[in-house]
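Shared between the two complexes below is chain A, which pairs with chain B and chain C, respectively.
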Partner chain A sequence: MELLVLIKPVPDPDTRLRPNAAGTALDTDGVKWVLTGYDESAVEQALLLKESAPGSRVRAIAFGPAPRTEEILRSALALGCDTATWVEQPSGLVPDPMLSANALSWACQKTPFDLLVVGKQALDDEAGVVGPAVAERLGVADYGPVVDLRWDPAAGKFNLARAVEGGLERITASGPMVVCLQQAWNDPRTAKLQNVLKARRTTIDKVSWAEVQAGVGPAVPGTRLTSFRLPPPRTGAKMIAFKTPEEAAQQLVRLLREEAKTLP
Partner chain B sequence: MPLPRDASEALRTEVAGTVTEDPDALTRFASDASHMVQLPVAAVAPRDREALQRLVAWARRWKIPLVARGGGSSLDGESVPPPGGVVVDFAGWNAIVEISDADRLVRVGPGVVNRDLHRILASHGLFFPPNPGSWTMSTIGGNAATNAAGPRSFRYGSTRNWVRGLEAVLGTGELLRVGHRTRKASTGPDLLGFLVGSEGTLGMFTEVCLALAPVPERRVGLVLPVPDDLSFRRTLPRLLASPAPAFSAVEYLDRATAAALNRFASGRLPEDSALLLTELESTAADEETDLERVARRFSETGFTGEPVVYADADQLWTLRGQSGEALEQEGVRIHEDVAVPWSRLDELFEGTRALAKRHDVLVRLFGHLGDGNLHPAFVVDPMSDRARIVRRDLVLLAKRLGGTLSAEHGVGLLKAPYLALEHGEVGVSVLEAIKRRCDPDGILNPGKLYPASPLVPGGAAS
Partner chain C sequence: MSADVLVVIERRGAAPVRAALEATGVARRLAGPSGAGRVTAVLLGTALEASAGTIAGLGVDRVITVSDPRFDTFQTALWAAAVAAIARELSSSVILLAGTNNGRQLAGRIAIRWDAAAVTGIADLSPGAAGEITVTRPVFSGRAFQEVRIGAPRVVLGLRPNAFPIPEASSPPAPIAEHAPLELGPLPSGGAVTGFESAQSGIGPDLSDATVIVSGGRGLKGPENFRLLEELALSLGAAIGASRAVTDSGWRPASFQIGQTGKSVSPQLYIAVGISGAIQHLVGMISSRTIVAINSDPSAPIFKVADYGIAGDLFQIVPALTAEIRRVRGS
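For the complex of A and B:
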C-alpha cells in the first residue's frame, strides 16, 4: 500500500507567541517549529497502517519555508516514514490554505497512492481546508473527521469511523482517497535513536516553486491576513465572601446577572 | 481561631495591600504538597516593599508568625502556615524588573513562576537552568528559598549557583541587599549563601537577581530502558566517562514509576522497564555526531535497550515532573528526597528497599540519578507514626552512606528534627545565631528548618 501523509511545521504551543510590530502576522522571531497535534496523529496513523499491511510505504509531504519544513520532515522520517517530499515555499510568500492545498496537490499527484492521511486541521491557523481541497484537486473522495481507520486485507478496503453528532458513522471505502483525522485517538510514538540517525542521512525529495507554478498555474494567495492580535489579558478573579453554600450560590447568580451579564 | 479584632484593624490600617480573613478563601493557603494542613488566620498580599516592612513591624508587635508563600508546592511543609500564622502571598509580585542581555542577568519579583520566566527569556536566547518538576507552578522566590533543582541541575547545579543577588526584608524589618552583578567577588563569607535555602526563616525576598545561561542550540531527551538490578556504582562512571557526549541530565525511573507515568500522562515511555532519562546538549552542526556518540556510549556502558528520542527535551521534563502526581494516584503519600555519593548509590537503592520491606510499606524509586539524588516515594499514611519512622530511617541511611538528608526539597517541618545530623551541634548553633540576628522575635516561619531543640539519633525524633 502506498500511503501519503501531509504535515506542516507549526509554532511550538509552548513558545510565547506575539504579533509583529504592524499587528498583521505572527512574529516568527525565536519561534520553535514542531510537528504536533493532528499532524502528529496523522503520521502515527499512517505508520500503524503501514505496519498492518506488510510491504507498505509512507511518504511524508510538507509545504513550507526552509529550514523548518525540512526539520519536521526529518522528524517524520525518524518516526518511521520511508520517504519525504519538501514542496518549496519561496521566502516572502505568505500562503493561504487554498494556495497550500494547490501546491501540495501538485506534489501528491506525482506519486500514485492508495491513501492520503492528513490532520483535520493544522494547530496554528486551524483552517481545516487543506485535506478536502487536496481531495477536490485530485478528484478523489475525502472523509473526515475520522476517529478510527483500519485496513481490511481480505476485502482490500479501508474501514473507517467518522465522528458525527451524537455517534459514530462507520464506512467501508477503497482508495485512492483522502482521510482527515481527528487528533490523538492514537498515541503518537517517540522516535528510536537509530531511526533518528538514519533520518539524517535520508535524502529529501524537493519540488521547486518553479515546478509548482508550472504545474498548477501562477500561485497567488486569494486571501490576506489583515490583522493579528493576542486575546485580551484575563482580568482578576473575584472572590465571593459567604457563610453558607446557599448564600454563595445566591451571590454568584446575582453577580453573573448584574456584573458579568451572562445570565438574563 | 481568628485574628484578635484589634490586631485585624491595625493590620488593615497599617499595611497597604489585600488582606483576607475569610476562612473559606483562606483554605487555598492552608497546605503545600505535603498533605499537612494548617489554616492561617489571615493572608496578606502587601502592595510593595514598604507595606511588607510595615507588616513585619505589625507581626513583631502582635507576636504573630508570618510565612512567605510563592507557589505553595513545597513537599516538607515549608510553606504550611505555622499555627496562628499569617500567609504573606507573593504570587502577585511577578514583575520582570530587568533583563540584561549584556550581563546575562535578570531581576525579577519573587512571585514569577519558573516556567513563565523560561518562556520570557527564550526570545533573548537565555535561560535560568534549574527546572524543578514543579516548574509550572513554583516561583523563583520559592526556588531560591529552598535551593531547588531539576533534571538539568546535573550539568548546571542548583538554584544557589544562579542567584546573584537578593533583596530581602528581614524579621527585624530591615531591608537587606546582598550579592553582586559581577561574576566573582572575594569579600568575605557569602551572605547571599545564608539566604538561599533559608525557607523564609531569615527574611522575605522582595527581588531576586539571577545569572542566566545561553540556550543550547540543540537539546534532545533520550530515554533508555535499563535492567531493574542495574549497578549504578559501576555504570555511572562509565556512562559519564568523558565530556562528550555532553549529558545535561541523567534521571532514573524504576519500572513501577515509569508504568504509573505512562498510565497517568499517556507518556509514550517505553513499557515494562526501568528507565534512564537523559538530555543531550549539542549544536545543529554537531548533533548527528553527538547522537552517534551517545549510541556508542550507551552500548560501551553495557546497555542493550533501544533508546528513544524526545525531540523536545522540555516535553520529557514536564512529563517527568508528573511522576509524583502519577504515583499519588496509586496511593503514594510521602515524596522523599535524599542524596549520596555515586559510589554509595547501590547501597541507597538496596537500603531503601530493605527499609520499606521492614516497615511493610510499598516504595517506588526515582530521582536525579546523576546527582546521586533519589526520591523514594512511599505508600503510607503521611500522618502516621509509621511514616515518621520510615522517614527517620531513610534520613539515617542517607547520612550513614555519607549523603545528605535533603538534596533539593528542603528541611521544612518534617526534617527539622534531624538538622543536627546534617550540620552537627556546633553547626546548628551557628545557624541559630544567624537566625537570632535576622529574626530576633522568631516571627519568620517558626517550626521550619530550625529544630526546636537540637536532636541526635536516639533523641525525641527517634
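For the complex of A and C:
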C-alpha cells in the first residue's frame, strides 16, 4: 500500500502567543516549530496502516519555509516514514490555506497512492480545507473527520468511522482516497535515537515554488490577514460566597440571568 | 455591491440542523435587506418539504430544492459538485456553510471546484465596502483571534456553530422551487455507509448543537454519579459532556469527551462540574460564552478561566442548582 501523509510545522503548543509589531499575524520570533497535534496523529495512523499491510510505504509531504519544514519532515522520517517531499515556500509569501492546498496537491499527484492521510485541520490556523481541497484537485473521494480507520486485507478495503452530528457513520471504502483525521485516538509513538540520527542523513525530495506555479497556476490568495489579537485576559472567576448549597445555587442563577444573560 | 449568497441547508431527520438556521440568518446579514442582495437557500436529498418550509420563513429570498436520493447520504465530492454547479448557475458571490462536520468538509472541495477563496471557523463577520468581507475566527484553540479580509470575487464561508443567533421568522414565506435534475459529470465514487452509531444516551441535544453544556470530570468519583449531571442537564435542556479523565476511565463513551483529543464546543453556557481544568480540556471549551465551574478545590485551574465559580461540594451544590433552575424556569 502506498500511503501519503500531509504535515505542517506548527508552533509548539506551549508557545506564548504574541501578535507581531503590525498586529496582523503571530510574532514568530523565537517560536519553536514542531510536528504535533493532528499531524502527529496522522503520521501515527499512516505508520499503523503500513505495519498492518506488509510491503507498504509512507511518504510525508509538507509545504512551508526553511528551515522548519525540513525539520518536521525529518521528525516524520525518524518516526518511520520512508520518504519525504518538501514543497518549498518562498520567504515573504503568506500562504492562505487554499494556496497551501494547491501547492500540496501538486506534490501529491507526482506519485500514485492508495491512501492520503491528513489532520482534519492544522493546530494553528484550524482551517480544515486542505484535505478536501487536495482530494478535489486529485479527483478522489474524501472522508472526515475520521475517528477510526482500519485496513481490511481480505476485502482489500478500508473500514472507517466519521463523526457526524449525533453520532458516528461507519463506511467501507476503496482507495485512492483522502482521510481527514480527528486528533489522537491513537497514541503517537516517539522516535528512537538511532532513527533520529538516520533521518538526518536521508535525502528529502524537493519541489520548487516555480514548479508548483507552473503546475497549478499563479498563486493569488483571495484573503489577507488584517489582525491577530489575543482574547482579553480571563481575570479569574467571580467566586460565589455562600453558607448553604441553596444560597450558592440562588446566587449563581441570579448572576446567570441578570449579569451573564446566558441562562435559557 | 451586495453579496449574492447561496446558503447550504443540512438536515437531520425532517428538520434543518440548528447550525443551518444560524447560517440562514448570517446569509441575510451578508446580502443586506431584500432587494439589495439576494439569499438563496438550497436543500438536497429526499423528503425536503418540511425543512424547505421552515427555511422559507426565515428571511431568505428563495428556496431551491434538489430532490434526489443520491444526496441522502453525505458524500463530499457529490455535494460539493452540486452546490458549486448551482452557485455558478445563480452567479452567487458567497457560498455559506453551516458549522457542522459536513459543512467543514465541504469548504475546500467547493472552493476548488468553484475557483473561490475559502475561510472557515468564522465566529463573526461584517460586510465591508466594495464587496469586501471581513471575518473574525478563533485560532490556536481559541487562544487567539484572527481577522481576515476577503477580496476574492467568490468565496466559500464556513461558520462556527453557536456563534450566531437563529433568525426571527418572517412573512410571507419565500417561494420554494424544485431544481431541474443535476447533471454533474464523472465524480469519484464514495464508499458505502455500513452503519450509524448514535453518540448520545438519548438525553438532551447533541453536544455540537447544544447552547448549554453540563460537563463532568473526575470529581464525580464514579459513573453512577453522572445522574446528578443528567438531572441538571434536563432542567436546562443541556447536553452532557465529560473530561478526558472520565472517558479514559470508561465512565462515559469517548463521544462525550470535550477537549483537545475530543470535541471542541462553544455553547452559550458551559457548566464544568468536578473538572480541574487541564489545558487539554480547556482548549475544547474556552470559547464558550459563559463558563461556570463547580469544584471542591478552590485552587483548581478551571477557576482561572471560568466566569463564575463555586468552590464547594458538588454532591450538595449540583442538586441545589437543579432545584433552583427548576424553580425559576417553572418546571
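Please note the rule applied: the second predicted complex is superposed on the first by the 262 of 264 C-alpha atoms of A that agree within 3 Å, B and C clash if a C-alpha of one lies under 4 Å from a C-alpha of the other, contacts with A are read in each partner's own complex, and residues count from 1 in each chain.
Definition applied: a residue touches a chain if its C-beta (ideal position, glycine included) is under 8 Å from a C-beta of that chain, and two chains touch if they have at least 3 such contacts.
Remember, predicted model here, so these are calculated numbers, not experimental data.
When the two complexes are overlaid on chain A, chain B and chain C sit side by side with no clash. By the touch criterion defined above, A:Leu197 reaches chain B but does not reach chain C.
In the superposed model, A:Leu48 lies in contact with neither chain B nor chain C. When both complexes are overlaid on chain A, the residue A:Cys180 reaches chain C alone and has no touch with chain B.
In the superposition on chain A, contact of A:Val216 is made with neither chain B nor chain C. Shared-chain residue A:Asp142: touches chain C; no touch with chain B. Contacts of A:Phe242 after superposition: both chain B and chain C are touched. By the document's definition of touching, neither partner reaches A:Leu93: not chain B, not chain C.
When chain A is checked against chain B and against chain C, the one touching more of its residues turns out to be C. Across the overlaid pair of complexes, the angle with its corner at the CA centre of chain A and arms to chain B and chain C is 100°, in steps of 10. In the superposed model, A:Val164 lies in contact with chain C only, and not with chain B.
When the two structures are aligned on their common chain, the gap between the nearest CA atoms of chain B and chain C comes to 5 Å.
In the superposition on chain A, the residues of chain A contacting both chain B and chain C are 239, 242. Those residues of chain A that touch chain C in the complex are listed here as 11, 17, 19, 26, 37, 96-98, 101, 120-121, 123-137, 139-145, 157-174, 177, 180, 183-185, 221-231, 234, 236-240, 242, 244-246, 248-250, 252-253, 255-257, 260, 262-264. By the touch rule above, chain A contacts chain B in their complex via residues 12, 14-16, 29-30, 34, 75, 78, 187-194, 196-197, 200, 239, 241-242.
Touching chain A in their complex are the following residues of chain C: 12, 17, 74-77, 80, 100-102, 104-109, 111-113, 116-121, 134, 137-153, 155, 188-200, 206, 208-209, 211-212, 236-237, 254-255, 260-261, 268-269, 289-293, 298, 303-313, 316-317, 319-321, 323-325, 328. Those residues of chain B that touch chain A in the shared complex are 20, 22, 24-25, 119-120, 122-123, 125, 222-223, 266, 268, 288, 291-292, 294-295, 306-312, 314.
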